[in-house]
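Two complexes are shown next, each including chain A; its partner changes from chain B in the first to chain C in the second.
Right after this comes the complex of A and B.
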């Protein structure tokens, strides 16, 4: 029995939305019955959404304040697309050739149609898609990133999600990223809580990647204790297209990030790389679904979680291989470290396979640090906490090393070191 | 023979054990309400506590809804159209005690076993020759008809009898343990079983006793439109050990038959229980018509320190299998093991796996699951490894591999891993592949026929699990695999 929408959400449903009229109307009808997902829904059994259900959030009033992010990412001449509490601050006027940036509100009907028709289409039957549907019904803010065929955009396109500037605000922004044939671009999500106000962002990014194009998508969830976020990324790949995703989550009260990757053209490939480091009482959750819908496609997924204090790390990875999608190679691994007895790791690596000529594997491990490695370091005179720190850093570094932007990689390594310095790493091993 | 031909043969394999035996049955009219529950209890002369227990289960069941999360599809079952009790006519005579000699058994029933190739006397003789005695508690539909080797077991102090007998002769044991591992309201099918279970097996191995022989039960489903609700309870006291074998084949039928059994195992300190299953119920025909719905709840509890429970299963039959033999590792240093081969062909659907719940310190578990899909079968592994907060230094190793034969079948893996303790060590790995051309080429180049090569690859794939089967069962398991898959390739 579904709960339906809480009243505060019902009253917030807008009369006009960015989605084309028919799509918006259907979504509005659906959300009324779908409501919000709950622990009874299979996809949410590990993630308590109560903080959102009881949040009593309201849509941001008017334009956001003039706020700068506290954290400066070391990016080379980035193009900034800033959202303050979900309100888009306008397109920069120095977009290079081949790149068109448009506020969602100014986009034409066909573009908005594309922004609200992701692949695979969210299903009404699936309670998990309630949040996407809610976004469709609510979205007014957003941006469209268009990369022309054969264009290579060197400058990183940075979407800045600056949350929590005003009190109890929710936002439902929608972003469309379109890469033309053989185009190349890098999109970085800079996610930061700028105030200490509780805030909930329910954002959706829809990416379409044409033949032979390559999109690099980096998400950096930086510190922020009060942030609640439900984030969904759709990507659909045509022939020989590539989608490289890097997802680093370092903070937030409850972050649920989902990826739906539709590998729909032969020769296409996707990488999903992630690192989550919950501490305190943080809940960091990533769900990924890769659908191999065409033959001769490949995917590679590698997620790591380090849970400390009473933090909770959740990873669910699903690989679906459709009928007749032969000669697939799909590899997935999920490695997890628990540093405290109050921390928790939940993992669910899934394979769903309907073709026979495939080579698929997944591995998942949960454990403590390698005792032999620790012993080795101790025999070299390294103090216990330091030895543990080294091993933990090494564990995380393997993920960070995969990020293609060198400056960002180095910056993250330093940040990781600082972060581990703040944590009590003496742990459970006896002296 | 080419691979295509092999596949065709494989797909066309018919159920070898299809037949029905015409025995007059005493059947309660279809439908389920409190009166039916009372009637079942009355027919079995159960004490008051059993009736109360059943009624409480029934009341819980009424409020429950049928689970839909499994990766299986089937038409809605009308629970009011099923008959909940069927006993062979001779029940009155047999009620108090199962016959001591085979002469007392309905000859038609013996005929059934003859057709299956496992007549009781021959089987006993065969076992005798091998020096390993196998006691057979034969279940024909729902009521135990005969039990052999009772005396020998009694000498050792082991109680091995039908559930009804246990309720009559050892009510204190039944009262103490029934429903303590699988509570009445555990799930929809377990609640249904708790309300209407007809009979089953009961094993009690007292303190320090090693059960002198492997215990075995054969389940048969025979009456049309009759759900079969078996209840098994095995208790191993401190330091006791027992190996229990369960195997089944069923007559070929057009109509779907529901089977919702419950098996409960209790292992106290240093006790060991090994539970092995070979399941070959009617899987439906080539078009996916008919076949048994096998919705089973099996769970063992390692209640004592250093106890051990091992589940081994070879699942080859049934139209739908919904089964997760699990271990609750409560005692410190207790061990849970699960070894499984699940073979699906034609339109069979299998959603099976295990749960390992680690609660005690230094508990260990091993899961080895091999799934083989052919034809249009759907074969899913679903498992849970849970490391509780109290389970310091717990360890789990899981391996689930799937083999695909044909491009219209499905192989799925849905493992849940939860760890709440920093000292937990959990490893899970899963692979899915088909028999590779390289493997085939290598073996063919060594002079093996295509059939032998395929045979060898499949055997090798399942070897880890077959090694775990008790000797007495090995013959049947191998025969079954031969029928299921190897029969078509070699």
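Right after this comes the complex of A and C.
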């Protein structure tokens, strides 16, 4: 028996939403029955979202536009799309040729239809989809990023999610990214909590990547102890399209991030690369689902988690290969490091293969720091705490090294080093 | 005073006694070879000297350069000048060689009260050593031993020694897994380390390495004890006659 929506959420359902009327109406009806997911739902059994259920959040009343992120990413001439507590702050007026940025509220009906019709379509029966349906019912804010066919946008397009500026605010923004044939673009999510107020963002990004186009999508969950976020990214790929995803989660109280990648045209390829580093009482969770719906497609997935203190890391990676999708190569690895007795990591690969000509592999490891490596470093004179720091940073670095923007890579390495400097790395050995 | 003085050393792992009363004295300027069949305690001796967790010394003393070695942490032994060359150097992907070399050198300098080395001097020195070990500069930016062949790993061990200039170099089965070319390069490296200031211990199963690095003393380790010591001719006898003869003679 499902609980239905909590009252505070029910009363917050808006009269008008950004979704086309019929989609919004259906979503509204569905969420009233679906409610919020809970521990009884298979997909949520490791991730307690009580903090959201009991959150009593309200929609933002509108905040001042003078809020700036505390963190400056080292990006070259970025185009900033700023959301403060989910409220879109407007499109920049210097978009380069080939790029069109439109506030969701100003988009035409067909565009809004696309923004609210991701592939694969969220299922009414699946409680896992309750949050995306809720977003559909609630979304009023958002942005549409259109890259014209054959255009290459060199400037990174940065979506700034600045959460927690006002008290107990929730937001349900929706973003549509469309790449025309042979287009290229990089979208960076800069995720930061700007105040110390609890906040919940339930955001959805829908990307469609036309033939031979390539989208690089980098998500950086940065500081902010009080952030609650449920984030969903859809990407559908046509023939020879590329979707490269990098997901780095360092901050937040409870972050659930989900990827649905529909590899739907032959020759298409996706990379899903991720690093999560929960500490304190953080819960950092990523679920990925890759659907190989066309023959001759490939995917490469590599996730790492490093859990310290009483932190929890969760990774679930599903790969579905449809019946007619032959000659698929799909690789997944999930390597996890536990630094303290109270930390926990749950890692689950899930392969569903209906085709017969498939090369598919997965591997998950969970362990502590390699004692042999630690001893080796110490025999070179490196003190224990520093040796631990080197190994942890090295473990993370292998993921960071895959990020294609070199300035971002270097910046993240330094940030990681600083972060490890704050942690007590000396006293955990219990060999 | 000897550089390394081991007296009546007994050590066990998981309650099982492996070293059963080792006595050994090594002076600066000397090269000692410790030979013995598999399971004689060679690796255990190296691990005990390195300070590896899990090995318990139940009796005896080890004095290194005037310090009570058993009171020192692994990293303290290293910065005091004892360097352990591994039989199986550990692969550490994600930590670059160049970074480890710099950390190690600066840790030693700090212990000596010196400032951190400046990058220019450091790089110059490292590049010269890399070339002398017949290695490629690119190796510096790869992960420590990550994906290295057996020969590359051993060269890397010697490279670290040449940079860190230990007072005592303890080389555990450094010749294992080397082809003849790599063996020559590694041996040349070891010979370059020989000097009045430095003691070298070669722990090895076979005599092969000793054709290239001539020891001053050879010790035979068997069942946790040194049962025979001699000069380099002892190694030749082991090669010609095998361990059995010597073991019988000693008993």
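The working rule: the second predicted complex is superposed on the first by the 425 of 431 C-alpha atoms of A that agree within 3 Å, B and C clash if a C-alpha of one lies under 4 Å from a C-alpha of the other, contacts with A are read in each partner's own complex, and residues count from 1 in each chain.
The rule is short, and it goes like this: contacts are C-beta pairs under 8 Å (C-beta built on N, C-alpha and C of every residue); 3 or more make two chains touch, one makes a residue touch a chain.
This structure is a prediction, so every number in the text was calculated from the model and none was measured.
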item: Superposed partners chain B and chain C on chain A - clash or fit; value: fit
item: Partner chain(s) touched by A:370 [first = chain B, second = chain C, both, neither]; value: second
item: Comparing the two partners chain B and chain C, which touches a greater set of residues in chain A; value: B
item: Partner chain in contact with A:391 - chain B first, chain C second, else both or neither; value: second
item: Which of chain B and chain C A:358 touches, first, second, both or neither; value: first
item: First (chain B), second (chain C), both or neither touched by A:306; value: neither
item: First (chain B), second (chain C), both or neither touched by A:42; value: first
item: Partner chain(s) touched by A:346 [first = chain B, second = chain C, both, neither]; value: first
item: Least C-alpha distance (whole Å) that remains between chain C and chain B when both complexes are overlaid; value: 14
item: Set intersection of chain A contacts, chain C complex versus chain B complex; value: none
item: List of chain B residues in touch with chain A within their complex; value: 69, 387, 389, 402, 404-434
item: Chain C residues touching chain A - in the complex, by the definition given at the top; value: 50-54, 73-75, 77-79, 83-84, 86, 89-95, 99-100, 103-104, 107-108, 111, 143-144, 160, 164
item: Complex interface listing, chain A residues touching chain B; value: 42, 46, 323-324, 326, 336, 338-341, 343-368, 427-428
item: Sites on chain A touched by chain C in the complex; value: 370-373, 375-384, 386-387, 390-391, 393-398, 429, 431
